[in-house]
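Both complexes shown next keep chain A, but they swap its partner, so chain B is in the first and chain C is in the second.
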Partner chain A sequence: MAAPAVKTDGAEAFLSAFPEPSGEASWAREARRRAVERFRQQGVPVRRDEYWKYTDPTGLTVLPAREAAVLDTDEAPVFDVLDSLKIVFVDGEFSAELSDDFSLENVEIERLEDVLKLDIHWARDLFGVLEGNGQTPVARPLAVLNTARATDGVVIRVTGKVAKPISLRYLHRSPSSDAQIRHLVKVEAGAEATILEAGPAAARFNNVMEIEVAPTASLHHVRAQGRDHERQAVTGLFARLGEESTFKSFTLSVNGRMTRNECVLEFTGDNAVAHVAGACAGDDDFHHDDTVFITHDGLNCESRQVFKKVLRSGATGVFQGKILVKEGAQKTDGYQISQGLLLDDDSNFLAKPELEIYADDVVCSHGSTCGAVDETSLFYLRSRGISRAAAEELLVLAFLDEAIVEIEDDVLADEIRDRLAGWLARRRA
Partner chain B sequence: MLEIKNLHVKLEEEDKQILKGVDLKVEPGTVHAIMGPNGSGKSTLSYVLSGREGYEVTDGEASLEGEDLLDLEPEERAAAGLFLAFQYPVEIPGVGNMTFLRTAANAQRKARGEAELSAAEFLRLIRERAKELDIDAEMLKRPVNVGFSGGEKKRNEILQMAVLEPKMCILDETDSGLDVDAMKLVAQGVNALRAEDRSFLVITHYQRLLDHIKPDVVHIMANGRIVQSGGPELALEVENNGYADILKSVA
Partner chain C sequence: MSELLAAGDNATAREGVDQETVDTVRSVGERYKYGFSSDIETEYAPKGLNEEIVRMISAKNDEPEWLTEWRVAAFKRWQNLEEPSWAMVDYPEIDFQDQYYYARPKSMENRPKSLDEVDPELLRTYEKLGIPLKEQMVLAGVEGAEDVSDDRKVAVDAVFDSVSVGTTFKEELAKAGVIFCSFSEAVRDHPELVKKYLGSVVPASDNFYATLNSAVFSDGSFVYVPEGVRCPMELSTYFRINAENTGQFERTLIVAEKGSYVSYLEGCTAPKRDENQLHAAVVEIVVQEDAEVKYSTVQNWYPGDENGKGGIYNFVTKRADCRGDRAKVMWTQVETGSAVTWKYPSCILRGNESQGEFYSIAIANNHQQADTGTKMVHLGKNTRSRIVSKGISAGVAQNTYRGLVSMHPKAQNSRNYTQCDSLLIGDKCGAHTVPYIECRNNSSRVEHEATTSKVDDDQLFYCRSRGMDEEEAVALVVNGFCREVLQALPMEFAMEAQQLVAISLEGSVG
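Right after this comes the complex of A and B.
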């Protein structure tokens, strides 16, 4: 069925606004061509689409992108507490000047635009492939657009245990930047790495990462999206997890006007583990959407989703999470919790948890709650002399902590806690 | 120390009068006990004194060292020296016991214009107090009351009291759920805090706690009022005969 004209016109507008990349190898051109085809078929998302019911995609689809003021802050960048290999993008463009040298033991890092010109490269098996697999049953057109047009980003191959995190830092300098970034990550068998992402990136940011975690490999991904108030972002994590692999991803979001984080994971081998977690805090016209789809197609795999949202003065939080257990994926252990903490009556939390199970020997549970700060706990803290405001802050941080503890590295977890405490402190009356 | 006059309290949301004229005066350095049948209003009295929401004072007054309590926020009452050991201590997942206690201790100090305790000073203080109550370090690291047994929760209440050093301590059924040894520890904890300028109001159903914490005065509360007051022998009478005789004699 052909998509309605508003959708296809929108797609055409994007395809002409972002020029077709040139000089690429034939496999890359082919991946782009197929993506253009998919994008034309799907069209841009509109509110009527089932998976955009709670989130108005207009900010992500208008052309030109709405401007976003650059936040003036003298705060230290989020992951500076840790020694890392820094790769910096300014308004979506790689900056060699601000980035560290790419050489680091047990990891090969290249720029996407270079890789796409090479006739032979492992990236061929990933680029547009995981994104393409992730298009059914739910269309993700903005990720398709990213495959069709994004040129900047990094291609990372991890071959052993990497001594320090690879830190992707996104700086926002132009109030009108409309950026697309694409990263490809392959963690080879037995290898282990941590990838960090931080920063507001652009006025509008479309960021997709395709990740292959090979058997027995392990990848930790910690992301901090903040803090420009007006920026809009859509992100896509597409990961394929092999036997006995581990993938853990945590996202902190503070502010930003609109964020849609899509995460599509597929277990293809047995005994693998994936945890995806998110903590977010926002106010006013903040709109934050986590849309997760996890497919179990291996034996004895464990997936865990923990999403916590603190919302105040009119903010909206959305969670759409699905666990699909395919036939034969026995001993699956799937857990999903999404919770909204509303600091006032004007804010909103909307959740759509889904389970679809075609195996009989599985344990899957999901829960979703939405409520205000617990009065009994508040009184208990105040009865010990803690002011109402401080008690409320303690309880908000405690609420978010269930997601934060999913971060394995304590230094990173504490850094996230500090940032959230800072967000609360700035709002203290 | 604590003075309550003709206190009338109803529920905010319902037309239900719970306290119907409570009069009570606790002198500095004394221990008062309140006993009384279930539902007579003992916990309500303790909540109203500490400032819990949901109650409406329709008449009467309550003051701590001459300062009107009823107009203060719960945290201000705590800083003024009031402490309630809860009948049902609250579990707070995600807030570490240690963080909680240090935040509380320093908030009170700050409110009173005193210097805050450094992390090291606080650690020393809490270790010492915890040891006296046989609370191990692991319990201090856990989230507030989460996964604590009934007895551990009650001991944790006394630990908070020992660290915060309030002037007026209200203990609401701190003995319920305690085994014999834990009861002794709790009583020791209370006795160690007894001082000329500190008073206790101990709500209990059983004489046994009062064997360890010797009260100066025992009150019987029934139907929202204190119906009889006397010496320690009153508690013995309740233990032996129940409330029937007392209630009949005051009816």
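Right after this comes the complex of A and C.
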């Protein structure tokens, strides 16, 4: 069925607003061409689409992008305390000046625009491929747009255990930037790496990462989305997990008018593990949407989704999660929890936690709850002489911590905890 | 198997095949015991659907003009609607012009004055159906049937294809002030009530199937319980599709006035046919202040054969509107039949402190597909809802729970608890859960839990070690899995439902 005109017109507008990249190798051109075709077919998302039911995509599809003021802050960038290899993007453009040298043992890092010009590169098996696989059964047109037009980003190949995290830092300087970034990550068999992402990036940010975790490899991904209040972002993580691999991803979001984080994981081998978690807090016109789609197509794999949202004065939190267990994916262990904590009467928590199961020897469960701060706990803390505001904040932190504990590395988890506490304290003022 | 069946039909066992085998095979073939059709002279409206047919149905029922126009308006709207495709069910496109929209037993042409005048073939049909309700005796005219155990009396309205063929215990109900009759009688005798409430819960514009029903509904049941009356017995409707290529479109309207109480049971069966038949019903319930309605369904439409041939397409819109404070509604459903089920009994909790409950067992075996669940829309303060859904899939069936819990901003201090469990028997079937949870205030609490698992091997082993065969063991474990819902059913239904659970799963193991 052809998409309605409002969708296809929107797609055409984007295709003409962003120039077609030139000088690329034939495989890259072919991937772009197919993406343009997909994008024309799907059109831009609209509210009527089932998976945009709870999130109005207008801010992400309007042209030109709405302006977003740059947050004036004196705080140090997230993850600054850690020793990491820094790769910096300013309003979506790579900055050689601010970035560290790419050389690091057991890892090869290249820039996307260079890679797409090479006739032979492993990236051809990833670029637009994982994103393309992730288009059924649910269309993700903004990720398709990213394949069609994004030119900046990094291509990372991990060949062994990497000594320090690779930190992608996104700076926001221009109030009218509309950035698209694309990363490709391949973790080879037995290799191990941690990738960090932090910062608001741009007034509007479309970020896609395609990840291949080879058998027995392991990848940790921790992200702190910048808190410039007016910024809007849509992100897509598309990961393919091989036998006995491990993938763990955590996202912290505080503030931001609109955030849509999509995560599409597929288990292609047996005995693999994937954890996806997120904590977010926001108020006023804060709108945060986590859309997670996990496909089990291997034996004895474990997936876990933990999402916590604290919402105040009109903020909206959305969670759409799905565990799909294909026929034959026996011994699957799937777990999913989504919880909303509403600090006042104006906020909304909207959830659609789905299970779709075609194998019988599985254990899958999900839970979703929503409510206010527990009065009994509040009373207990107050009876110990803690003020109402401090007690409430303590309970909020404890609530979000259930997602933060999903981060395996304690140093990273503590950094996230510190940031969160600091941001919440500032927010209260 | 068909050869063996043929041999069985000749009642002579071939050499080398003992009689026991023949009987077993035959009983398997007869798993759906309501699959017979009755040879009753039937009057059809011409095939297809157009405004003429809609007007004709209305004329057949001697309806007043406002109702005819209401139907025609619904029909016009329906012509511009698209069939919904979001449910996780897959079936060939339905040709809505290749259906009969009206069929009634010929003997109904002049309504019988008493049940004695009802076509004896029709009464035999009820006998064969063996619905455990004692009223089958009443319907069959058995003397003294009215005296059986006073405290468990149930009044029955039976709907055969398109028309209601008889209602029992009418007088006794009338003494209490309760109106229980066929929809067509209600239109004739109580037009003011019908006019006031028809379409007020499920408007004619509600959805594709409800709109179709509004245009072509032929009959159904009407219940009115006046203020403060506790209905002295359980009311029951029994639906049967008999005629070929016929859609059944019944409409039920229940009005429970302030402080009243009624328990309503609904049962359905249909003959085995190779073609798929359409059933699109609408049930509307109005619950006023302090009133309580219990609505229990055992849906056992013909599910199609082992290869997915035939069966009923069951597209039903059921909704209860708790208009007054402290109104209460409870839906209990046992869904074992139908090739395709699309059904979401809902509660609009408008009154403060109103309550909605939904208990469901949905069993899908062989090629059955069920997409069913509920909607709990919390509008009033301190409203409560509870959802317990048990889905069982076997064979190559697909079973989906789809539900909505919505807490509106003004629904302060409301509560919802949802539990949906799925059980898989075999590795070719599917069990899915699609809940929508919308919380728009912070004094309410919403909790949702869902699990999916298979029949526990240890439990099966335990039962087998006690001498049960595998099928019995599975039936016992499944009945245990469904216990919470079975307990919510009125007693007669609970007994039947328990057996139905076992029968529906026959042939799903081993």
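A few points about this structure:
Keep this in mind: the second predicted complex is superposed on the first by the 426 of 429 C-alpha atoms of A that agree within 3 Å, B and C clash if a C-alpha of one lies under 4 Å from a C-alpha of the other, contacts with A are read in each partner's own complex, and residues count from 1 in each chain.
Here is the rule we go by: a contact is a pair of C-beta atoms (placed from the backbone, for glycine too) under 8 Å apart; a residue touches a chain by one contact, two chains touch by 3 or more.
These numbers come from a predicted model, not from an experiment.
When both complexes are overlaid on chain A, the residue A:L397 reaches chain B alone and has no touch with chain C. Shared-chain residue A:D414: touches no atom of chain B or chain C.
After superposition on the shared chain, chain A has more residues touched by C, the comparison being chain B against chain C. Contacts of A:H366 after superposition: chain C is touched, whereas chain B is not reached.
In the superposition on chain A, contact is made by A:K352 with chain C only, not with chain B.
In the superposition on chain A, no contact is made by A:D125 with either chain B or chain C.
When the two complexes are overlaid on their common chain A, residue A:D114 makes contact with neither chain B nor chain C. Of the two partner chains, neither chain B nor chain C is touched by A:D9.
Put simply, chain A uses no single residue to touch chain B in one complex and chain C in the other.
Within the complex formed with chain A, the chain C residues making contact are 86, 88, 407, 409, 412, 422, 424-454. Those residues of chain A lying in contact with chain C across their complex are 50, 54, 327-328, 330, 340, 342-372. Contact residues on chain B toward chain A in their complex (touch as defined above): 50-53, 73-75, 77-79, 83-84, 86, 89-90, 92-95, 99-101, 103-105, 107-108, 111, 143, 160, 164. Listing the residues of chain A that touch chain B in their complex gives 375-377, 379-388, 390-391, 394-395, 397-402.
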